[in-house]
Amino acid sequence: MWRFIASRLLQAVPVLITVVTLTFFLVRFAPGGPFDGEKTVLPEVKRALEAQYRLDQPLWSQYLSYWGDLLHGDFGPSFRYPGRSVNELIAAGLPATTELAFYALLVAVVVGMGAGLAAALRPNSWRDYLPMALAMIGICMPTLLLGPLLVLVFGIELEWLPVSGWGDLPGDKILPSLTLGAAYAAYVARLTRGGMLEVLSQDYIRTARAKGLPEAVIIGKHALRGGVIPVVAFLGPAFAGLLCGSFVVETVFQIPGLGRLFVQAAFNRDYTMILGSTVFFAVLIVVFNLASDLLAAWLNPRVRGALRGQS
Amino acid sequence: MTEPVDATQEQGTSLWQDAWWRLRRNTLAVLSACLLLVMALACIAGPWLSPYGYEEQNLLLGAAPPSAVHWLGTDGFGRDLLTRILYGGRISLMVGLIATGVALCIGVTWGAVAGYCGGRIDAVLMRIVDILYALPFMIFVVLLMVVFGRNLLLLFFALGAVEWLTMARIMRGQVQALTQQEFVEAALSLGLSQRVILFRHLVPNALGPLIVYTTLTIPSVMLLEAFISFIGLGIQPPQSSWGSLIADGVETMEEYPWLLIYPGLALSVTLFALNFLGDGLRDALDVRAAKD
Amino acid sequence: MVPALLRLLCWSGLRARPLRRCPLGGLAAPVDMAARLRTALLLGSLLVLGACGGEPTRVEQGNRDGVLHVGNGTEPQGLDPHVTTGLPESRIQDTLFEGLVSKDPATLEPVPAVAESWELSADGRTYRFHLRADARWSDGTPLTAEDFRWSWWRALQPAIGNEYAYMIFPIRNAEAYLTGKLTDFDQVGVRVIDPHTLEVELNEPTPYFLQIVDHHSYYPVPRHVIERFGSPTDRFTGWTRPENFIGNGAFTLAEWRLNKHVRVEKNAQYWDADAVQLNAVMFYPTENIVTEERLFRSGQLHATNDLPTDKIPDLRQTMPAQLRLEPYLGSYFYSLNIRREGLDDVRVRKALSLAIDRDAIVDTVMKGVVKTAYSVVPPGTIGYEPPEGLIRFDPVEARRLLAEAGYPEGQGLPPLEILYNTHETHRKIAVAIQQMWKQHLNLDVTMLNQEWKVYLDTRENRDFTISRYAWVGDYVDPNTFLDMWTTDSGNNKTGWGNAEFDDLVLRQIPAMQSHEERLAGFRRAETILLEELPVLPIYIYATKHLVSPSVQGMPQNIMDYISFKRVSLEPSD
């Protein structure tokens, strides 16, 4: 078990090296620098600015010193916001993004598993077709369309909910969470249905039924545990995906989260912020993939055995 | 993943006839295929047939709701929305097809080589795939577009580069399973060169899952393109893609909702059809593992 | 719900209107199926996300508490007046700091601030400022002439990276000091006579000096605080954080939540504190102007920073009392790279200018919000009247000139490309002009939009034929719009240079004593510019705001300047 975790963490090392190296050199190739402005900057001022951010040093030495800082957990100073560190910016954007991703995940799990279960219990009836058709819509309706449509209907036309913001007005978290969660809810519904159908056809369920156990116990106690394994395996990457993919929703709803900070940083050539958030996202992906594997293993005795066998 | 493989061997080409027969019975998939065909034809022919150019403005008209003259209305420059949607469809479909093609080329080659060679080469190649899997790709696509500017060719390549990983895994799995089969040994003993074996025998046999996965990759690539265009990167105006039309529509959705809803409809319906067709193909070819 | 959706599908009923005060207020609707469904839906969400209890809007609450809520464009990059360059930053800095003089928001005339009076020497080169004795920092420390001298020293250190340092260059030797030609700061024209008297010596008479001395580059900064947090020329110290901040303005920094808001509160130590009527001002980053407009309509903002142009026709109907459209001290133009073949011929440049129907652009694309530009300098800048008749729409003459230049019907003219930075308005105008040149001159001009930083880079390298550009005046004087076109100006990327123009702007006009003489001089200079046309003026900017009727003392002016200490809130409802 511990060896499994350790080996997975070891695997993350080349990932991070690749991410840092690729991003570091990629952003430097971008035309335009962080200090270009509409009005031409005096050459003396520009030189002084570049010296302050070490931009006057050769690229490889900047690269090495970035690693030096990174290993101390320091993402460096932001170019765009003088006086603020990238750590601080990430810390400022993270709560909104995490909260958004969490609510979206909640929507995905509650709605998705509910729909999937309903469908699996009555396969090939309208109770199966309806949620599955909705799930298909959820998968095919891109966030960038669903968000504005929800705003148009519920925010502008019906005026039930605020159209933007995060934590400023009551209820302003509902639409973004729904928007981001919808596609994932659809996937979860399909996975739950598939997983449940497979489990329900297994012998031990038939045995349980034959023994006359109440249906609720069969479903709740025996079938569900096996049926949700594919969902759990999906949730880890999904949460990472929610965190990284939230920038469209953050743009539509003006949420001051990490995704928007990243996109702004890319446009502003805030080198350190681009690097910092990319590395941060990569770490999140690694961590959540690992967590979901462990959770799936805990739920699935067979995989658990395999893990133990490995160690 | 081994089931369809067995079927291939026993039934030979009849697998394809069988699949075709099953697909035709799937009404939704057939409908989707027809719809896609119509959509593709409309996007190819529409801009030629339309009396308006996609960038032809009528500033005096401005944004007008749908009418007999402009069937889907006009945008803020008085440009005909229908023409722009059809033109945008060309770009979006092209991005979907070409980027998927790029992904297919890289993925199939990579996976086939890894699966066929095995051993250390396989380990190295697949470890690279594992590493790449953990990269925040969406972020890299954004960065690439920022760094190299809006460039259709780059967009094809960048999106293709995101999607080839799963292709490689599928291909490797298929090839690995197949190399242990007798007909490969037979081919080897007949003295066929390794390359011929790889591309004449192994690749065609692994085709089923690949077709399915390709059909499912096209919509996800189109979606990615829409994302990129939505945040203001992607294609160059006055060209349009569905993503950029939606992004423009969002800006004025309160005043001119048709500018959001029709391009949105075009994109959703196409994504719908592609997904249904993919599902249908998966069922017809009986490929279970390809979806995830 | 169904009728609402139907309305949506018929593309009607979507007009701008005040949004309901509590977005969840619909809960109290009469009981019908839709309402029940709605309640069920919402109750579920409310459990998670918190309830709405019929609270007053921010505007209503603000009117009661004397708190002004304004949209402020982007998130401020920082609040150190020697470090930042943007308008959102300077708007907040204007509340936190105060220079020697300040502006009357109605007339833009200089009014006493930290200096209660001043004298100008007979030769127009030396100002003597008398600082008021009761001027203090917000921690109670007295504010003296030495503070200004030290602050200007700091603003001129290259290490601080002050991109607006050139604003200080009218002061004698300031430029030489910044560029390192001079190392002794005592030779720069700033002298402390006594703690309350500051003497400033200029290179030459600068009629607009009292205007620029109000610029944030000239603001005093608290030495005793800055030095506590590190080197004075360090950009990264935390002295502008709310917990550390000390200023001398009418307000002081209370809260700064990244990407949420900046809150400034009344400064009790301010010399004129009795006159300050607001208790606090909240600045919100409102990058998306569509959202900003909605926030105003739902009663979340007293004033917007900007408005979407597409909304204006509608707002003219629905909110005429709140809508404020005023000319702004900014010019929108296309600059031509005259080193490119084709554009090096003045007849081609004239043809391009004559083929632009500026009125059509202003009326249709810009919805009549802005004014057609017949000059680079906005008319009315301190009484300036630009030359007439040089900018007009005449497609016949345009075709003739193009043919005369050797490119009949555009034949043989090297390809032209309009470069602009990615923005909806720039794109619309570029598309419109592209069509006009196609229609009137048969030119196939391509368009290239680049994202902001790339665009700046392309301009810097002069890698363009035609480029969208704009200039917003640093002060109200034609000089700020004309000295940028001199041959050696860093902002002149056209490759154009004219000895007569340079001589007028750089030597003759600065020596002129009378106001009328100067204006005539600028008129001559601009005539040269518009006859040579390295730049095609398109329109004069306008400010677009929605302002709540409860806001008093916020008159519109050409600089879009708000004097927050004079603003008050008088609830009318």
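Chains: A, B and C, in written order; residue numbering restarts at 1 for each.
Just so it is clear, a residue touches a chain if its C-beta (ideal position, glycine included) is under 8 Å from a C-beta of that chain, and two chains touch if they have at least 3 such contacts.
Since this is a predicted model, take the numbers as computed values, not measurements.
If you draw each protein chain as a dot and join the dots that touch, every dot ends up joined to every other dot.
Simply put, of B-C and A-B, more C-beta pairs touch at A-B. If you average the CA atoms of chain A and of chain C, the two centres end up 38 Å from each other.
If you average the CA atoms of chain B and of chain C, the two centres end up 45 Å from each other. Centre to centre, using the average C-alpha position, chain A and chain B are separated by 23 Å. In chain A, the residues that reach two or more other chains under the touch definition are 30-31, 152, 156, 267. Residue numbers of chain C whose C-beta contacts span two or more other chains: 8, 14, 451, 454. In chain B, the residues that touch at least two other chains are 146, 149, 254, 257, 261. Chain C makes touch with chain A in their complex at residues 1, 4-5, 7-8, 13-14, 19-20, 22-24, 26, 38, 42, 45-46, 48-53, 55, 77-78, 80, 83-85, 157-163, 165-166, 178-180, 235-238, 240-241, 257-260, 287-288, 291, 294-295, 298, 300, 451-458, 460, 470, 490-491.
Listing the residues of chain C that touch chain B in their complex gives 8-9, 11, 14, 16, 290, 308, 310-311, 314, 360, 364-365, 422, 424, 427-428, 431-432, 435, 447-451, 454. Every residue of chain A that touches chain B in the complex is listed here, in rising order: 11-12, 14-15, 18-19, 22-23, 26-27, 29-31, 136-137, 139-142, 144-145, 148-149, 151-152, 156, 230, 234, 244-245, 247-248, 251-252, 262-263, 266-267, 274, 277-278, 281-282, 285-286, 289.
On the chain B side of its complex with chain C, the touching residues are 55, 57, 59-60, 62-63, 65-66, 73, 76-77, 146, 149-150, 232-233, 236-238, 248, 251-252, 254-258, 261. In the complex of the two chains, the chain A residues touching chain C come out as 30-33, 35-42, 44-45, 47-49, 51-52, 77, 80-84, 88-89, 92-93, 103, 106, 152-153, 155-164, 168-174, 177, 254, 256, 260-261, 267-269.
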